[in-house]
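Shared between the two complexes below is chain A, which has chain B as its partner in the first and chain C in the second.
The block that comes next holds the complex of A and B.
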C-alpha cells in the first residue's frame, strides 16, 4: 500500500486501467458470445501486429507500409508445413518463426540505410512483392486460393480456448515490448527518431540499430502472423497486401503512435467499427481511406494523445504544474518541427 | 531549449539521464554490443579514400555495367529464339513506357516538394476508367486522352490544395494521407465502374499488327513507345531549356532562395503536382489500351512505379527513364522465362541496388 501511495496520480490511473483491461480481457468469454469473442481475438492479434508497426514508426520514426509482408510470410511458413508437408505443430510454428525472422532480416538490410519517406517507399515495395510472390508461387502458396486446412494445435481448437491463448501471448509480447522500449536500446531508437545525425556523432552505428529494430519489430509481426493463421485456419495473398499493412498503420495512428497501448486501442476501435459498418455498408475501403485522411489531418496524436491531454489538463488544474511531465505521445512528424527549431536556434 | 529536450527523448527525466550515460558507463565490449562503434575512425577512413581504391572502384562499376547486361543478354538468348526475343523486348519497352509516364510525374513531385504521392496508382486507375467512359461517349481516343488527363489534373489540384496543404512539410503524414486517398479512389472506382476487367478501346488505325520483316507486332504498343519518346523529349526540353524548368530545378536545390528571388514557389508546387497528376491520368488511358483496367491495378502499378524510382534514383528524370526501361525489360523477360518468379526478379535487383547504391543508379546523394 505504501508503494501505491508513493506513485504519481498518472501512474496510479494507468495501473488501475491496466488491471481493469486485463480483468475484462480474462473474463470476456463469460460475458459475451462466441461472435464477439472471435472479434476480440482478431482485435488482439491486430493490436499486436500494430504494436510492431508502432515500435518501428512511433519509437524509431520509421513508418513501414510493408509489415503485413513479414507476418504473411510467417503465416505462409506455417501454412506450407501444415498443408503441403503435413508436419507437426512444433515444426509448423518453428518454420513460421524462421521464415518471418529471415524475411525481416533481409528486408531490414535493404531498408536500414534509408529513413523517413524513402523507408516508407521501400517497405511498401517489399510488402507488395511478398503479395506478388504469394500470388505467383502456386506450388508453395496455392496462389489466389491460398492454403486451407491449417488446424489449430490440440487444446486450442475451441474459440474461447484460442482467445485465452492469444490473450496470453499478446500480454507476454506486450511485456517484452515494454522492456524493449524502456531499455537503453529503446532510448537509442528514440534518439535516432529525433536526430539520426546526432546519434551518429555520439558513436552509434545508426544503420545497425535500425536493422535490429526492424528485426525486433519483425519478430512481433511474425508472432501476430502465426496467431492469425491459426485463428483463421487459412491464409491467402490478401494477408500480405498493402491494405493489411495500411490498416496496421492506421490502427497505430488512430490509437496514438509512440505508446504501446495506443495500437491495441486503435485495433479494437477499428475492428468494432468495421463490423458495425459492414452490416449497413459495403464500402469499407472508402471508409477506411476517409478515416485515414481525417485522422492524419485532424488527429495525429490519436485517442491516447487526446485522453492524455485531457488528463494532464485536469491534473494541472488540481495539482499545479510540477506533476505533469512531458507530453506523450509525440505528434506524428514532430521530429520535423523539432528539426526546424534546431535549425533556427542551433549554432550556425 | 531545456524543456524541449525532455520532449525530445519522450521519457521522464530519470530515464533520460541513464540513457545519456549509456555510452561512457559501459565497458568497451558492452558498448560494442549495443552497436556503438568508433565513428571517428570509421568515417575518417571513408572520407579520405586512397586514390588507388577509387580507381579500382570506378573500374569495378564500369565492369559491372558492361558485364551484367552482356551476361543477361547471353542467358536470355540461350533460352529463346531471336524472334521471340525481339517481341519480348518490345513488350518490355512498351510496358516501361507506361511506367515512365507514371514514374516521371512521381519523381518530379518528389524532387521538388519532397511529397511522396502514393496516390499516383489511384490517379492512374481513375484516369483509365475516365478514359473508358469518355471513349464510350465520344469514340475519339484523343479527346479521351486529353479529357481524362485533365480530370486527373484537377483531382491533383484538389489533393494538393485541399488535402496536402494543411500538413505541408510533415513528410510522413503527407505520405500516409496519399495512401488513404488511394483506398478511397480505388474503392469508389469499384463502386462506379464495377469489378470486371475492361480495356480502353483503341482507335481503328492503331489496331492490328505492324510488320517489320517477319515480326508482326501490335501497332498500339509501338504507338505507346513513340508517345513515350515524345513525352520524354518534351519533359527534358522543359526541364533543361525553359524558364519554368529553371524554376523547378532551382526549387529542387533551394526552395527558400527561389522564394526570396520573387518566384511564387507555392504556385510552382501546385503546378508541378498537377502536371504529375496529368501524366498519371495520361498513363492510365495509354496503358489501359493494352493492360486491362481492373480493381487492384492501382496498387500493382504503384509497386512497379516505386521499383522504377528506387532503381533509377528518386527525384531524377534520367533515373526514371533508366528505371522504367530496366523494370519493363526485366518484367517482360521474367514473365516469359520464369513466370513463377516474376515478382522475385523485381525484388532481387531492388535489393542489390539498395544495398550497394542506396540512392539509386542515377540518384544524387543528399
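The block that comes next holds the complex of A and C.
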C-alpha cells in the first residue's frame, strides 16, 4: 500500500507490531485457557490504568500517586449500586462513571496549582483519603469485607466474552488517548511539562489545562476501575490503597513513561511476574523489586525506551546516519520529515 | 484518500467475519473432574464395562489436587506461615495415598489481599485443577473466596482458619460447598470468655478490637454474653483500630482513663506485639486485667515477646498448646522438632483440616466425584484432633471444648497457653440455641449484642 511505503521504517515497524499485537489479542482465547485469558484481561485493565497515569506523568510531567483512588471510587460506585441497591447494569455503570469523574474533578481542583513534589504529595493524600473512607463507611463500602456479588452484564459473563469486551474497550481508549496526545491540547500539556512559566507567558491558563488533563486522565482511570470491578466481581479497600497507585506508576515507568504503549507493556510484565512466576518462585516480590531497580539503573526510559534505542542503533548500522539523525525520542513521523528533507536537498 | 479508507474498512470487515464465524473459545477446554474421570478435548472418556469409576490408561486414579491459600507475605505472614507448616507437617507424617488415591497439593501466597487471593484461586481451580481449596486466614479474604467458589459445584471450599461467622450461620445456604472442618466461628470462643468473666466477678469491661469482620464478631461474642450475664460494656468504651495498626499509644491512654475493671482485647498479626508491649510499657499489665481473644495470645503472635509482657495473661480459645492430652502433645513434638517453634492454632487448624480430608477420603474410598457425598462424610465424622474432640454441627461448623487459658512459663524458658478451665461441647451458638441466635443479625460495628443497649 502506498501509505505504508511512504512511512519510515520506524513507523512501519510500529504498525506491524501493533497489528500483530491486536491479532494475537483477538486470537488469544483460542490459543490459551481460561486462567491465562483472565490474566490477560487483568493486564489490559492494568495497562489502561497505567496509561492514564502516564498521560499525567509522562506527557504532563505530573506524577500522581493517587490514581487508584479515582479508579476505586468508580469501582465502588458500581459495587454500591450492584450490592447495596440492586440496581440495573446501566445504573451501575453510570454511577461508576459519575463517581469517578466527580472524584477526579475534586482531586484536580485540589491539585491543579501544584507541580512536581507537591503534586505527588497531594495526590498521595487524595488516594489515601479514598482508602480511608472505604474502610470507615461500612454501610456503603462494606469496609474490609468489601462488596461482593457484583455480577457482569449479560453477554459478558464468560471469561472469553469479558476478555474481548475489555480488549475492545481498551483499544478504543488507547485510540482516544492517542488522539488526545496528538492534539493541540496534548502539545500544550507537553509545553507545560517543559516549562510552565513559559506557557503562562504565552497566555495559557496552565492551572486550568492541568485540571482538564487531570479529568481526562481520571476518565480513563474510571473506565479501568469499572472494568476491574466487573472482572473481579468484587471490590475492597485494597483497590484504593497507595500500593495500587504505586504499582500503576511502576508499571508505567517499567514500560516507558511518555510513550503510550509502554505502560501496557509494563502491566503485562508485572501481571506475568505476580501470577505466573509466583507459582515457581516464592520470592517473587524480590524479583519484582530487582526488575524495577534494573530498569531505573540501565533503562531509564523503560522497556520501550530500551527497545527504541536498540532499534535506532540497528537502523543506523543498516542505513547510516542520514535516516535516523541525531538520537532523539522516537516519534511517529520524525523519520519521514528528515527523509523528506534529505530528498529535497539531495545526498551530501 | 478513498484508497486508505477502503483498505482499512475491508480489514475491519474481514476481522469481524472471522470473529463471527469462529466458535466460542473454551468449548474444547480440557476439564478434570473428580474421582479420577478425565475428559479430553475430544470428549472421550474411558469406562470399564460396568460403568464404574473410570481410570486413565495407567490404571491409577488421578491424584486428588488440593489448593492451599495462605498469607505467606505481609503483616500476617507469621500466622500464615504457621498455617502452611501445619498442612505440610500433617502430610509429612501421615500417608499421602489413601484408598488408592494419592494426594497432591500446591500452596499459594495471597499476601493477605483479597484481590490477590481471587487471582490465585482462579489459577488453582482452572489451571492446577484443584478439587478442594483450603484457606484463607483473614475473614474478609475468606468471604471473597467463598463468594468466588460458591457457584462451582466441582470444588469444596474448606476454611480451617478464616472464621467469618455468617458462612455457617445466616448465609450457609448461599455456600453449599463450604465447610469449616478444623475451623471455628469468630465468636465461638469469646462467648465463653464473656461467661467466665461474669463468673469471675468482672463488672465493667472495655474493649479494643481490630476494626474488621473478625474483630467485630469476636468482640460482639464477648460483649453479648458478658452483658447478658450482668456485666456492663459502655459502647463508648469500645475502641476499634484499623487492621495492621502499629501505634497503640493513643488507644492505651484512652483505656487507662476509662475506669473499667477489665479490657477485652483482640489484635491480629504484628499488632499483637505492638499492643501488648505498649500495654506493658504503660504499666497497665498489673493494673487492669486483659481478657484476650484467642488470637491475641496465640503463640504465633507472641513467641518473640519478652515473657514478662505476657506471663499470666488470660484468654479463651479452642486451642491450647499446653493442654496435657496425647493428640495435642504429639503435634507439639512434631512441630517443635520440625520448626523449633511451639505450634499456634494456625498449625493445629490446617493439620486438623488435613485430618478431616484424610478421614473423609477413607470413607468414600478415594472417590471425590460427588462433592456433596464428601461433605456429608465430613459432617458425620467424630475425630480426636489436636484441639480436642471435634464434630461438625448441622451448619458445617465444629463443636469443640473451649478452654480458658493462661500463659505459663515452661522449663525451657519459653511460654505457652495452658488451660485453667474447660467448657465442654461448645457450638457456635452457645449459650443460645441456633434458632434464638439466628434471629439476631451477625455481629458488626453496629450490632455488638450489648444487653445494656
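Please note the rule applied: the second predicted complex is superposed on the first by the 303 of 348 C-alpha atoms of A that agree within 3 Å, B and C clash if a C-alpha of one lies under 4 Å from a C-alpha of the other, contacts with A are read in each partner's own complex, and residues count from 1 in each chain.
Rule of thumb we're sticking to: contacts are C-beta pairs under 8 Å (C-beta built on N, C-alpha and C of every residue); 3 or more make two chains touch, one makes a residue touch a chain.
Treat the numbers as computed from the prediction; the structure is a model and nothing was measured.
Contacts of A:184 after superposition on the shared chain: chain B is touched, whereas chain C is not. Between chain B and chain C, the partner in contact with more residues of chain A is B. Of the two partner chains, neither chain B nor chain C is touched by A:221. Of the two partner chains, chain C is the only one that A:279 touches; chain B does not reach it. After overlaying the two complexes on the shared chain, residue contacts for A:38 are found with chain C alone; chain B is out of touch. Legend: residue contacts after superposition of the two complexes on their common chain; A:121 is shown touching chain B, with no touch to chain C.
In the superposed model, A:303 lies in contact with neither chain B nor chain C. By the touch criterion defined above, A:138 reaches both chain B and chain C. With the contact threshold set out at the top, residues 135, 138, 282, 285 of chain A are in contact with chain B in one structure and with chain C in the other.
Per the touch definition, chain C reaches chain A in the complex via residues 3-4, 7, 15, 19, 22, 24-26, 29, 72-73, 106, 108-109, 113-116, 118-120, 122-123, 126-127, 139-140, 143-144, 147-148, 164, 211-213, 242-243, 444-446. If you check the complex, the residues on chain B that touch chain A are 1, 3-4, 6-13, 15-16, 18-19, 22-23, 31, 34-39, 110, 114, 116, 118, 163, 166-167, 169-173, 175-177, 179-188, 191, 299-300, 302-303, 306-307, 309-310, 314, 339-344, 346-347, 350-351, 354-355, 358.
Interface residues of chain A, counted against chain C in their complex, comprise 1-3, 26, 29-30, 33-39, 42, 135, 138, 143-146, 148-149, 158-160, 232-234, 236, 238-239, 274-275, 278-279, 282, 285.
By the touch criterion given at the top, residues 63, 65, 106, 109-111, 113-114, 116-118, 120-122, 124-126, 128-129, 132-133, 135-139, 182, 184-185, 187-188, 190-191, 194-195, 200-205, 208-209, 212, 241-243, 246, 249-250, 253, 258, 282-286, 288-293, 296-297, 300, 325-330, 332-334, 336, 338, 341, 345 of chain A touch chain B in their complex.
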